[in-house]
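The structure under discussion appears below in the form of structure tokens.
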Amino acid sequence: MASNSFGKIFRITTWGESHGKAIGALIDGCPAGLGISEDDINQELSLRSPGKSDLTSPRKEPDIAEIMSGTFDGKTTGAPISIIIYNRDADSSKYEPIKDLLRPGHANFTYLEKYGIFDYRGGGRSSARETACRVAAGAIAKKLLEHFNIEVDAWVHSIAGEEEEPQMHSRVMEAKRCKDSVGGVIAFQVLGMPTALGDPVYEKLEANLAKAVMSIPATRGFEMGSGFEAAEQMGSEENDTFYLEEGRIRTETNHSGGTLGGISTGMPLLGKVAFKPTSSILKKQKSVDYKTLKSAIFKLPDGSRHDPCVVLRAAPVVKAMVSLVLADALLMNRGSKL
Amino acid sequence: MASNSFGKIFRITTWGESHGKAIGALIDGCPAGLGISEDDINQELSLRSPGKSDLTSPRKEPDIAEIMSGTFDGKTTGAPISIIIYNRDADSSKYEPIKDLLRPGHANFTYLEKYGIFDYRGGGRSSARETACRVAAGAIAKKLLEHFNIEVDAWVHSIAGEEEEPQMHSRVMEAKRCKDSVGGVIAFQVLGMPTALGDPVYEKLEANLAKAVMSIPATRGFEMGSGFEAAEQMGSEENDTFYLEEGRIRTETNHSGGTLGGISTGMPLLGKVAFKPTSSILKKQKSVDYKTLKSAIFKLPDGSRHDPCVVLRAAPVVKAMVSLVLADALLMNRGSKL
Amino acid sequence: MASNSFGKIFRITTWGESHGKAIGALIDGCPAGLGISEDDINQELSLRSPGKSDLTSPRKEPDIAEIMSGTFDGKTTGAPISIIIYNRDADSSKYEPIKDLLRPGHANFTYLEKYGIFDYRGGGRSSARETACRVAAGAIAKKLLEHFNIEVDAWVHSIAGEEEEPQMHSRVMEAKRCKDSVGGVIAFQVLGMPTALGDPVYEKLEANLAKAVMSIPATRGFEMGSGFEAAEQMGSEENDTFYLEEGRIRTETNHSGGTLGGISTGMPLLGKVAFKPTSSILKKQKSVDYKTLKSAIFKLPDGSRHDPCVVLRAAPVVKAMVSLVLADALLMNRGSKL
Amino acid sequence: MASNSFGKIFRITTWGESHGKAIGALIDGCPAGLGISEDDINQELSLRSPGKSDLTSPRKEPDIAEIMSGTFDGKTTGAPISIIIYNRDADSSKYEPIKDLLRPGHANFTYLEKYGIFDYRGGGRSSARETACRVAAGAIAKKLLEHFNIEVDAWVHSIAGEEEEPQMHSRVMEAKRCKDSVGGVIAFQVLGMPTALGDPVYEKLEANLAKAVMSIPATRGFEMGSGFEAAEQMGSEENDTFYLEEGRIRTETNHSGGTLGGISTGMPLLGKVAFKPTSSILKKQKSVDYKTLKSAIFKLPDGSRHDPCVVLRAAPVVKAMVSLVLADALLMNRGSKL
């Protein structure tokens, strides 16, 4: 089943393996007349780059996006926008010895079960590298949203349960020292939201946001507004009551996170996404050899890159996915009235 | 935008308003040869019926589904299955006086903004009544899954933060007395899962589950496996290591909730869904008159039905949505290999 | 595979068997605020009714459509519009003796091969009765188009190669006498076309029109503009040159049938659809028994209704399908510019 | 609206402008385990290359496809297959002087109306160059079909009404001499067809074939089986009666072109596609300046390449589109039974 596309009217399709020639994103359905440049994309890409601090993987690959189609004189033409990012720093030889071992927390087992074949060199489509394409496509969505004064932001809300910066930092450093990893939570917010985005029933804004972020590797949970805490409140506390502010209808609280019945209220969109700890750790782990069907010990090759906390690089990906949902909702809404 | 459909190959479309003539579900893409009956559907419907205990709304409407097409000699033919449920107990006259008031926690505001028109008699498509159609369609999905020995279950995990039955009960009774409401959490589990269901990247099983359940009215959060707790763990704790059990590959823990890279591992699927407290409460609430754009007090008419805890009726709906995702994933997977 | 839907934004799904309880159409994605009534639908339905003259089948079933959802105070609300047409005059007992015989020109063979089960009582989904649902849904599309001053028309262009009324009539009467049948051609035209409808590459207006009409039972060919004759012309004859008419750009000829590169030029849309002769004839025909795998003679039961020329009832169906394509194209076009 | 994709399960998306850096095709949903190589693609591409004889345009660009993703050890992995074809021989400077003139038979008028912007250098997405991507993607579909012993073929059936080779040749040469162009008809045939491909109602095999071929630039008509001639026959002549051949059910004639009710009978698929004469001719033509809204004369720059008959290069494109429809139908059919 074709599964590499996201969106209905503003629709992206991504491709490429982490250790192949290149990865890419194809955006179809972007309205004509939008000013975009490679810089717009590369700026967003730089935010998710590894090797930016002592906390992240030392892979030093500057992702550079090239726009191959869909623009003329710096503006979109309505034609599909093809973006390519060439892979550069990919050494896959070291994975050869462990190619038949199932990696705990990784998808080589399930891909083998599903397809009967797996590109063991680097995770293939299940690699976090695929998220660079989401960010590239998200950069175009962001430009479209900016045109309508909608601003999406995402940031690290907590790491290993810590919400303060120094504690977060020390938990990551500690994980790194222990050849282990930690998880965390990304929060997002959208300002400048118009009313009426999102659709009833199965295309609710929060449903599409949930799908969007839960499609990011390593995610485990999604909350909108007050999230799981809402389940512990009384209706009289939780309901967002309406009031007038300079003739405009607003809600006094925003527990709903900016939607009612799946449609935006005009209040900020608010949500959170839980990420598990990075599955790639440098410790030995129990495993199974898929070929011989015997027990085995899985250990990453010496010198393997190790990113003790993917959450540090996840915020731009969440931002991208939220932007893609909104760009699509914006265009879908154009058919709601006569 | 058409937004009342769910699924790709096993695809449902639902219709109908809570105070109209009927509601219905149309299932297209169900394989031929599956034995189904109206009883199969009505049995599931009875589980979400109101008026079953002192804890739920007294609306006494026995939902009876009628199969209008798509079967022959008790088996599906590959043709679309049309199910109709007639509305019976619908008195909408009492809503007339409050028709222009925005209902806190409800969707009349956003529907008015989106469509410029709202069927104030009963919530229209935003009504929880729409979930009866999900349950009806889910009953067909359930039959398909049973054919492959897959069993979906969902239950009330907690109410207002309480996980024990007596405390849950007293919290609901207390809310009822106070003309207020409480929220809760539904858990689900799928046994008999084969490997290889779900697709990479944007059609991950957990992404589709997230969308499915977050499209249910009143939901605020979704967790897969260890969920938000995963964000506080170390990778070495969280990773599900592989072992062999009678020659079959399994994981020792199931923190992932049964998927890796969006594809099922063969372990049980595990997840949770947070529901906010019922928005309809009998207390007075601050509001705004949409027509006059003046502040107002919203109060439900005397004698209004009042369901102090929707969670009690939500489990069959969660079960239905999970079943629909799996039925679709099962068919989508048929194209993965040559 | 779900295959009973048509359209992307303005999307219909139809259901029901010719000898079941009812048939129906579900329209999702219709903008809110459109005035529609059951009369609008029934008026279109009456145009395709059988039993209207000595040329068509004597089946006397007045199709009466009932709107079950999606409107409020006579206007669409943005919710799905469910239309039901109950079946009345369906006597299927006479088909029992021939239930295993393959009907020449009919789909019982291919349905059995595909699904392993076939509702022999009346053709199931392959019956021409399904087209009543197309007409019902098309009536809603027509109302939407009328709102934008677009007018779709379709008519019998020729029967058995004859283009004059008396000859057409005598060819049908002759076929009836001989217990045989004749085919014909339906032409369509759309006036009031705006420019810019239709999309490049795979969603060209003519491509979607082709799919739309070739999905009607008994069709064999489709032409746009000059059609197959274009293949015999020179470019200098065929090209539609541009000129100005009161400041508006128009083409001097309209060989293209109103599109360029798949997008409407603002000139009338023009096309033709070829229908084969009715497959149901009263003559004996060679056949095979599907169960015993033996040669057999197929003959319709005595007293079977016989429609010697389906083309006479096909024009409203073509009109409906063209209307559905245009309603969808109209809404799809709303996302083309910023 | 996203409009550059084709297919449901086996789904392609194409991109690129004729005078941009490159063009490309992305195939998503191809089953894993299929052996494919760049040679497979380039062989098909060579069949549609210009500059192959004195009858076609002298543009000497050897299209070379590069597979960027989706394969491992020469086999598909289930991941999206990205194919890039770099543009080489593109001189667009000569189009500068005529950039505001509407080209008769071309899409610059409709693109300007739709998008408000047009890449005048070479037709953008409306260029026939886009069809190279169809051929590249079709080559993958062809490999899939070959695995199931299905063989698609397409050929020039007639040019300017002539069906004999010498006459066809002289009509093209004559058009070339006159700076004019001629149209023609492509026929296709599929051998080795299984039964049960194609779906009822809106996804009929012939409907999807019609859409597929009518989305090719310059097409004007489509016929299945006996096509428009069927409209002139009697039912007793036209019906394909069934018989047994070595225990297998076949039809004595194949007027239907290999389908009944939209589903394949197992007989060869047969169809025809009408192409108009090439719109680009070297003669002067009446036109309008889109910017100044004044009458003008359109003439291609001296030395412009001129392809007097696109039909000569269209057969591989028709073959590709037919192959794509069948690859998709093959996978869609996997969900028809339990």
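Letters are used for the chains, namely A, B, C and D, taken in the order the chains are written, and counting of residues starts over at 1 for each.
The rule is simple: a residue touches a chain if its C-beta (ideal position, glycine included) is under 8 Å from a C-beta of that chain, and two chains touch if they have at least 3 such contacts.
This one's a predicted model, so the numbers in the text were calculated from it and none came from an experiment.
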{"item": "B-D or A-B, whichever has more C-beta pairs in contact", "value": "A-B"}
{"item": "CA centroid of subunit B to CA centroid of subunit C, Å", "value": "37"}
{"item": "Gap in Å, rounded to a whole number, between the CA centres of subunit D and subunit B", "value": "44"}
{"item": "Subunit A and subunit B: spacing of chain centres that average the CA atoms, whole Å", "value": "25"}
{"item": "For subunit C, residues contacting two or more additional chains", "value": "1, 3-5, 8-10, 14, 29, 32-33, 78-79, 111, 114-116, 125, 200, 332, 335-337"}
{"item": "Touch-based graph of the chains, sorted into line, ring, star, complete or other", "value": "complete"}
{"item": "Interfacial residue positions of subunit B with respect to subunit D in the complex", "value": "9-10, 29, 31-34, 78-79, 144, 147, 200, 331-332, 334-338"}
{"item": "Footprint of subunit B on subunit A - complex, ascending", "value": "1, 3-6, 8-9, 14, 102, 104-107, 109-111, 113-116, 125-126, 130, 158, 160-161, 175, 178, 180-185, 195-196, 198-204, 206-215, 217, 219-228, 230-244, 247, 249, 251-252, 255-257, 259-266, 274-281, 283, 285-288, 290, 293-295, 311, 332-333, 335-337"}
{"item": "In the complex, subunit D residues that touch subunit A", "value": "1-5, 7-11, 13-17, 20-24, 26, 28-29, 32-33, 68-70, 72-73, 75, 77-82, 84, 111, 114-119, 124-125"}
